[in-house]
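Input: structures, listed below.
Heads up, the next two complexes both have chain A, just with different partners, chain B and then chain C.
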Partner chain A sequence: MKNALRELRRRPGRFVPVTAALILLTVLLLFLGGLLDGLYIGATGALRAQRAAVVVYSADANDSIIRSRVNETTRAKIERTPGVTAVGGLGISLLGAKVPGETTLADAAVIGYQRPPTGVPAVPPPGDAWADRRLESFGVRVGQTLRLGPREVPIRVRGWVEDTNYLLQGALWVAPETWRGAQNASRPDAPFAPGEFQVVVADGPGDPAALARRIDRATGNETATLTKDQAVLASPGTRQQKSTFNGIIAVTFVVVGLVVALFFALLTLERSPIYGVLKAIGTTTRRLFAGVLVQALIVATAAFLVGGLVTLGLTSVLPARIPILLVGSRAITTFGGILLTAAIGGAISLRRIARIDPVAAIGTGT
Partner chain B sequence: MSALQLDHVSKVYRSGDDDIVALDDANLTVATDEMIGLIGPSGSGKTTLISIAGGLLTPTEGTVLVGDENITDYDAKELTRFRGEQIGFVFQTVNVVPFLTARENLLVVGELSGGRAGRKQAATRADQLLDELGLGHRHDNLPRQLSGGERQRVAIGRALMNEPQLVLFDEPTSALDTHLGEQVMELIRSEVKGRGTAAVIVTHDARVTAYCDRVVTITDGRLAETATASA
Partner chain C sequence: MFLALREITRSRTRFLLLGGAVGLLVFLIVFVQALTGALIRQFIGAIDHQSGTVLVYSADARKNLEGSRVPLDTVSAVAAVPGVADAGPLGEGTFSVQAGGALRDTVLFASVVGKPGAPTTVIRGRLPHADFEAVASDGNSDKGFRLGATVRVEHSSRPMRIVGIARDANYSVSPTLFTTFDTYQQVRKDANPAAVAVMPSAVAATTDPGVTPAEVRDRINRAVTGVEALTRDQAVAESPGVASVGESIGAIVLLCFFVVVVVAGLFFLILTVQKAQSLTLLRAIGVRAGALVRALLVQVVVVVLGGVVIGGLLGWLALNAAGNSLGARVEIGSLLQTGALVLGLSLVAALGAARRVLRIDPVRATVPGSLDP
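Now for the complex of A and B:
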């Protein structure tokens, strides 16, 4: 083990190619993971923040908030469902917002709500909004009046909230009538009636899936109720993004393993004569293999550290609107994955090391 | 007690439908402080003989005793342990680990014994051996900073690290010029004799056999005593 470390220290040059390759792969993994997290968090904050067990859609909405409508009659049935302790309406409109002094429209999600989600204060007075900090990158400031949609409905920014966005649009949390006004102004052909929302969030004790089934029975299947976790994944594109990114990440981990396997296989081939000598003088295969494994893990760790710093540097110079988010849990799982695949890659050399015949150390004929 | 005793040892390799007899009913006894030369043409069975004597191969037939240890039926794990404890090897070509200093090359053997006390003892012994081999000023040099003769002396030091019963030399001077070769052989003889260790030296070089107590010839796997030499 000590000798493996000595080789790393005294011959760093021979480990440069594999370390460089692993640094690039680390940057790729962290970048992909950061994009996935940024997209997921940016697209689902409004739903993740809900203090509710379930989200109730109209049955014909195909789990889409934009297509869903829940009227007052249905809502009353939901409220009467056994086990339901709290109900709140929720409506979301995706609109462009004119920001004073800015030429570019800000991408906004105007969200009318009744039950304040986590991190969002009580419902503001009509015409006011709690704005998500994402809108700061569009030049939005507290106290400004934004003009929403084609009818330029005015909304004054009252203060900031965080991680509450929907489909990467900056959230503006408003009173239900403010949302309804903005929505009906942009879609006068399909106005929402007073008391009508797109979805209803409901809370209650026990298993959320059971609560969801009870609500749908109580409404005579006029509704399709999802647990909050299901609703988050049902946000447009979220599931597809996750599976696509996770697929690319998985393939990248395989490449990490292949790079390590190939490098140490070549190194083992080159070291075969000296391994033969070491085996002849009593070194076990296990000890030689442990040295390879230690080297693979140290190279992977060094590459991760450098790759992490490079990724931090890169993301710090990217425009704020690119939805990349580096979170600690992602870094930890990426590091764990790199170590695991490096160990598996290094383990490929075990067979080769085991097959080295110490007799080969003796250079004469038979 | 002898350091090495081969009784009716044979080694047969299977090649397709043919049997190749590499060693044929070999009998050899090496006394505890005896130094013997083993000569023979290429393919005669020299490597097979020292591989069996050193626990690198097991015989097809016969008995192999090293000191009082019968290694004939040892499995691979037991042979690995045996080599680490009882045998010293000096090889012809690749010999020392290129990224370890002279001292660390000796300690590779010490580390096999394990334990903090064992390691401390090994460090002291490595320093002593390097001093005795005239490498006192080279402890911390890497092999590339050493001459061919110095590298071979490091290899001799490593072979003696575990205080073996038997040291096996495979063409120890073949990569050295005549002068260095003589120096190394004098060193081998003085170290082996000074420690009461037995040695078998495989060689093609008649000048090497002059340093041996006895010379054994091997031809087509058969051993024959040819001469008695004296240094």
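Now for the complex of A and C:
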């Protein structure tokens, strides 16, 4: 172990190649993870913030909020469902917003709500909105009046909320009548009547899946109710993005393992005579192998630290339209994954170390 | 050549590990490129493969067809712009459609028969001639969108018959049906009985001979208020998500190329350093430096080509053989292009090792103890 650390200290140049390759792979992993998180968090914030256990869609909407429509009659049935303790309407319109003093339209999601989600204050007065900080990048400021959609429906920004966006569009949380006004003015082919919403969020004690089933039974299957987690994954593209990116990340981890295995296999080959001598004077295979593992883990840690800094630098200069977001939990899992694959890669050398014969080594004159 | 190949057969493990690493990196590049290409085709294939060479969106749409609505009189305003050969309304919307025994998210693309906006890549069947006929995007037959099949938009009074199949014609990663504009208006009203008007999503236009789509786009933007005209290529490239996805994936692929080069370059450098004594001896007994460099380059070529074959095979197994919902496939052309680039870059990266070989002084072999490790 001591020898392994001493070698790292005295001959760091020997470990530069594998560290350089691992730095690049770390950047790749953090970049991929950051993209996945950015896409997921930016697309699903409005649903993740909901306090309710379930989201109720109309059965014909195929789990799409935009196509769903729950009228007052259906809502009354949901409210009467045994176990339902609270119900609130939710409606979302994706519209362009004119920002005073800016030439570029802001991507906005006007969200009408009745039950405040986590981090969103009580329903504002008609015409006002709680804006998500994402809209700051479009030049939006508190107190400004934005003009939404082709009819330029005015909405005044009252204050900020965070992580509540929908489909990468900046959320504007408004009173139900404000949302309905913006929707009906901008989408005359899909107007909503007073009291009508796209979906209804409902709460109740116990298992959310059981609550969802009870609601659908109570409405005579006019509705298709999803638990909050299911609703988050039902957001357009979310499931496909997750599986695609996770596939790429998994392959990258395999490459990390292979690169480490390749490097330490070469190193072990080079050190075979020395290992022979060390074995001849009583060093166990276990100790030699532990030294290789320690070196692999230290190299992986150093590469992760430098790769992390490089990624931070890169993301700060990337254009804002690339939805990359670095979160702590992703960094921790990436670090854990790199350590694990580096350890597995280093372990490939175990067989070769075990096979080194000290007698043969002495015989060669080394 | 003989030395290079003998060394590979004798030291199989290390060359296999390197070949495996290069292969996985090539697989990663091929996999990412194929998925991105398929994803982008699935996102905007319908725009790319419809006949309008200029598309006119509402100014507030932010180049997003789904978010665009233009008044009907915009069609005649666009048609009157000099250089416009023909113009027609284009409808687009996502609907719940009963197909193949299930409810499916389906995009409707609608144009007036004979006007711009019809699909250009019909591979089977024909274009719609009448209302409630449709051309379906290919690759969705397993979901009930087969030639001759009937599907029904939820709440619609009439079923829709599929009379043709078009290649690469999806929109928003969903099955897509190209139908008539009257059909689109009808199903919109059926789905939203309270609708006060069904406006076109955009105007699709074609240009007179001798006038480019870019020129016509600029004229429309000057002459018609409240709209943003785009050439078809521009509408594809600047669709929301396409540019950012393209740039993000481009950065990932670039990083992968970097990793291949670093791994291959450094591996051969380490190998050369490890073999320095043997190489010095070879030089001392008359082997030319050029021959040793050639042997090194042969090994680079063998390892990279092996890696490309491994990467291509893995890609084929993961995408072509296993299949995927996006229709992503490894194309031989793209694989060869990637392989050539990886090979070229690896040869450049091996120059460091080659330089080391050229610097070997054969006289050192005559100095007692100089070849000891």
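Just so we're on the same page, the second predicted complex is superposed on the first by the 359 of 366 C-alpha atoms of A that agree within 3 Å, B and C clash if a C-alpha of one lies under 4 Å from a C-alpha of the other, contacts with A are read in each partner's own complex, and residues count from 1 in each chain.
Keep this in mind: contacts are C-beta pairs under 8 Å (C-beta built on N, C-alpha and C of every residue); 3 or more make two chains touch, one makes a residue touch a chain.
Given the structure is predicted, the values throughout are model-derived calculations rather than measurements.
Aligning the two structures on chain A places chain B and chain C next to each other without any clash. The angle formed at chain A by the C-alpha centres of chain B and chain C is 90 degrees to the nearest 10. Of the two partner chains, neither chain B nor chain C is touched by A:143. By the document's definition of touching, of the two partners only chain B reaches A:282; chain C does not. Look at A:324: by the touch rule set out above, it reaches chain C but stays clear of chain B. Of the two partners, chain B and chain C, it is C that touches more residues of chain A.
Contact with chain C, but none with chain B, is seen for A:95 once the two complexes are overlaid on the shared chain. Contacts of A:273 after superposition: both chain B and chain C are touched. Legend: residue contacts after superposition of the two complexes on their common chain; A:194 is shown touching neither chain B nor chain C.
Applying the stated contact rule after C-alpha superposition, one finds that A:7 touches chain B and leaves chain C untouched. When the two structures are aligned on their common chain, the gap between the nearest CA atoms of chain B and chain C comes to 7 Å. On chain A, the surface patch touched by chain B in one complex and by chain C in the other comprises residues 273, 366.
Interface residues of chain A facing chain C in the complex, by the touch rule stated above, are 17-18, 20-21, 24-25, 27-28, 31-32, 35, 60-62, 64, 66-67, 94-96, 98, 105, 107, 149-150, 186-191, 193, 236-237, 240, 244, 247-248, 251-252, 254-255, 258-259, 261-263, 265-266, 269-270, 273, 319, 321-324, 348, 366. Chain B meets chain A in the complex at residues 20, 22, 42-48, 50-51, 54, 56-57, 77, 80-85, 87-89, 91-95, 97-100, 104, 108-109, 111-112, 142, 158-159, 162, 170-171, 202. Interface of chain A with chain B (complex): residues 2-3, 6-7, 10-11, 273-274, 276-284, 358-359, 361-366. Of all residues in chain C, those touching chain A in their complex are 13-14, 17-18, 20-21, 24-25, 27-28, 31-32, 35, 39, 58-62, 66-67, 69, 94-96, 103-105, 154-155, 172-173, 188, 191-192, 194-199, 226, 240, 243-244, 247-248, 251-252, 255-256, 258-259, 262-263, 266-267, 269-271, 274, 325-326, 373.
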